[in-house]
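Here you go, one structure.
Which chain is which? They are A, B, C and D, in the order written, and residues in each are numbered from 1.
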Amino acid sequence: MINKKVSSVTKALEGISNGMTLMIGGFGLCGIPENSILELARSGIKNLVCISNNAGVDDFGLGLLLKNKQIHTMIASYVGENAEFERQMLSGELKVILTPQGTLAEKCRAAQAGIPAFYTPAGYGTEVAKGKEVKIFDGKSYILEEAYKADFSIVKAWKGDESGNLIFKGTARNFNPMMCGAGNITIAEVESLVPIGQLDPNSIHIPGIFVDRIFQGTKFEKRIEQLTIRKK
Amino acid sequence: MPLDKNLIAKRISQELKDGFYVNLGIGIPTLIANYVPENINVEFQSENGVLGMGPFPIKGSEDPDLINAGKQTITTLPGASFFDSAMSFSMIRGKHVDLTVLGAMEVSEKGDISNWKIPGKLVKGMGGAMDLVASSDNIIVAMMHVNKKGESKLLKKCKLPITGLRCVKKIVTEIAVIDIINEEFHLKEIAPGVSVDYVISSTEGKLNVPEFVPTMKF
Amino acid sequence: MINKKVSSVTKALEGISNGMTLMIGGFGLCGIPENSILELARSGIKNLVCISNNAGVDDFGLGLLLKNKQIHTMIASYVGENAEFERQMLSGELKVILTPQGTLAEKCRAAQAGIPAFYTPAGYGTEVAKGKEVKIFDGKSYILEEAYKADFSIVKAWKGDESGNLIFKGTARNFNPMMCGAGNITIAEVESLVPIGQLDPNSIHIPGIFVDRIFQGTKFEKRIEQLTIRKK
Amino acid sequence: MPLDKNLIAKRISQELKDGFYVNLGIGIPTLIANYVPENINVEFQSENGVLGMGPFPIKGSEDPDLINAGKQTITTLPGASFFDSAMSFSMIRGKHVDLTVLGAMEVSEKGDISNWKIPGKLVKGMGGAMDLVASSDNIIVAMMHVNKKGESKLLKKCKLPITGLRCVKKIVTEIAVIDIINEEFHLKEIAPGVSVDYVISSTEGKLNVPEFVPTMKF
């Protein structure tokens, strides 16, 4: 067993410095690495390039780093719920690269899988295709998208073991699995860090080979963005 | 009388077929789940990683780890499954989803759609819309026929940045059902109490109108 | 719930006819759709193009179809354990397209995922690269590989439910998941077909959307190719 | 005296480092798992979809759903995981595997390797070898120094169809350990009782020989 356990979020984030590119898991506020983001906010590390589907809300998730002006460039697919984000983007303070969600997912997965580039139909004929190679397969046009490069991937899982095996829960899975191993170093924060051998080998979503450091988060707020209920 | 949002959703629900996997966008499309005909089985996919979505949870049973693409708390039905975003878009890009319903700011008579950006003003991002419209063979747009200024949203050519080219097959608005065939709008149905002339005057793109236009039925 | 259950292997294979392209799951004899292969052998359908990592052994798995001369072209990565295969190939009776294993897997996955083509380093500078586009990323050369097209995918899973959700077991998973939804119609044979709601949504390997027909196999021989044991 | 297969494997096991993920090819490489130094932790990956392979099963406990890439029955250790072939090659192509050991028919002084085909005679297929050699930064070849006809397998240029270009970093044979540095063979160690001259005469490619060549230690 190769042990990936680190004792704290501070140790987990060691080596992250100004100007680096980070991939950060989660969809909206669901499945985000809360403890790591709070630590990044405390750290004051600046000029970050963040690859994440969303940018949190004004006072939680990546919104915290935006408010602190720690993010230089944001690569995301949707930013609709964050007023500060929109303000920084429209004013030009923040560089934003909007990317179709499926392309974003596949560019992470390509990085994980050693695929330098792939063709996708998403974005053909739109602003997204600018400067990208176009190729026709079976009469349909596709654009060439390259794998992301990142210094660190930071993901959140439900359960993990000391060798870095991960299991996600519900829709908190989202972008987390593909980001594992996509950055040079992968940090996983988990709700529950269990001893080796307690996870069913058949039910592991991400094998430990894709994870470099794992720690149990001290607190998970798991804020709900849109509480929607039905009348019984 | 023009339809309200719920009736637009109800009209679109008539397009559901037994065995369909369906992706519903944020807004009006989400309401369609409330109107699935009783005699058919469909499953709802949400691109954030769930197939087999059920209704919203009852109070107290909401789970922060269980949301749809609109970030709303949801439930799942028996037979549901969870998966990552890459697999979710394998379903979409790989044409495994049978019907996609989404909102739009503009649709052109060629079937082009704009729904992600108003330059210099509003930038929400495309989310999964560009992947959906680039891949799905069966796209229905649910939207209002005119914008807040009273300008038609069914145009000769989209003015806003494009989300996808030549992809929309059908538009359901508060006043009409319009199909796009051979790059032209075709009026198929009108809302109860709405005149054909009103639909024509509300549509900037070329609208083909048959001799008899049926009224929507619910 | 969308019901994918069919009552027999015969019904499951309906529509397969001479000259079609089939993707068939399994690695060696592990995780192969035994019942479907036996039925194909009985059917006498000819001129098949088979995409499968291996070609079975002389008297089991795809070897049965080879012996019957039902296979026109074999696309595989490794054929080392099949004498009849080697004979037909060297004599020219059988057309063989050898493909690196990872490329084979990724070409199936690409078909499932609507990716028409991707770049891979595997095979650059070798016979495999002949006639393929080469492109350099970060100073390294890659070749362009296209997604497979197939009429049917035939896979084998451990458990499945009536809506087509699948769970695989151990290394019998192998090529089966990526082939689901990669062919126009996907047939899954399972050891155990359970009622809807009995599989944990979090542990499903392949959601039912990728599966068109599912049936419970009547018998699984699960032959072991290389029984290797240690002395206690 | 030249090494037997087990000693070749044992010598290569000295290249294992703590924390390595290792892919072992069919044949001699498989034996390396028997010689992992006690003070280090490594995990074995098999490209058919398992990480954390253990020893062969004891009789009666074999599972047909649990094999390695050589189709041999295996066991798993605590912390193991199963995955599909696409993810398996994500590990390989994505450079997450730290060391790859495989057999070869020929290796050139540039580090080219041939191990999948003898035209018109023997075609086993490349299996996962082409993916492995195209991606891994750390490739060791385990093989006999000469073929059955007594001809060198360490060549100026491969004669058989290539599996991969400029990828082999180290070769361990029954008589020597040879590194490939700047596209030349460098003799690093000799087997006990084997002469340097014998290694030179058994190597067709240019072999750089230092003044003192240490003998392998076990």
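Here is the rule we go by: contacts are C-beta pairs under 8 Å (C-beta built on N, C-alpha and C of every residue); 3 or more make two chains touch, one makes a residue touch a chain.
Being a predicted model, the structure only gives us computed values, none of them experimental.
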item: Selected interface, A-D versus A-B, where C-beta contact pairs are more numerous; value: A-B
item: Inter-chain centre distance, subunit A versus subunit C - centres from mean C-alpha coordinates, in Å; value: 32
item: Subunit B and subunit D, separation of their C-alpha mean positions in angstrom; value: 56
item: Distance between the centres, which are taken as Cα means, of subunit B and subunit A, whole angstrom; value: 28
item: Subunit A-subunit D separation of Cα centroids, rounded to whole Å; value: 36
item: Shared interface positions of subunit D, touching two or more other chains; value: 82-83, 86, 89, 92-93, 135
item: For subunit A, residues that touch 2 or more chains besides their own; value: 106, 109, 113-115, 120-121, 168-170, 201-202
item: Touch-based graph of the chains, sorted into line, ring, star, complete or other; value: other
item: Which pairs of chains touch, using the document's own definition; value: A-B, A-C, A-D, B-C, C-D
item: For the subunit C and subunit A complex, residues of the former touching the latter; value: 106, 110, 113-121, 135, 137-138, 140, 142, 146, 167-170, 201-203
item: Residue numbers on subunit B that touch subunit A, as the complex places them; value: 46-50, 55-59, 62-74, 82-86, 88-89, 92-93, 116-117, 120-131, 134-135, 161-165
item: Interface residues, subunit C side, partner subunit B - complex; value: 1-3, 109, 111-115, 161-163, 165, 181, 196-197, 201-202, 204, 207-210
item: Interfacial residue positions of subunit C with respect to subunit D in the complex; value: 27-31, 53, 76-81, 86, 89-90, 96, 98, 100-106, 108-109, 120-128, 158, 168-178, 205, 222-230, 232
item: Touching residues on subunit B, where the partner in the complex is subunit C; value: 19, 21, 41-43, 45, 51-52, 76-83, 86-87, 89-97, 135
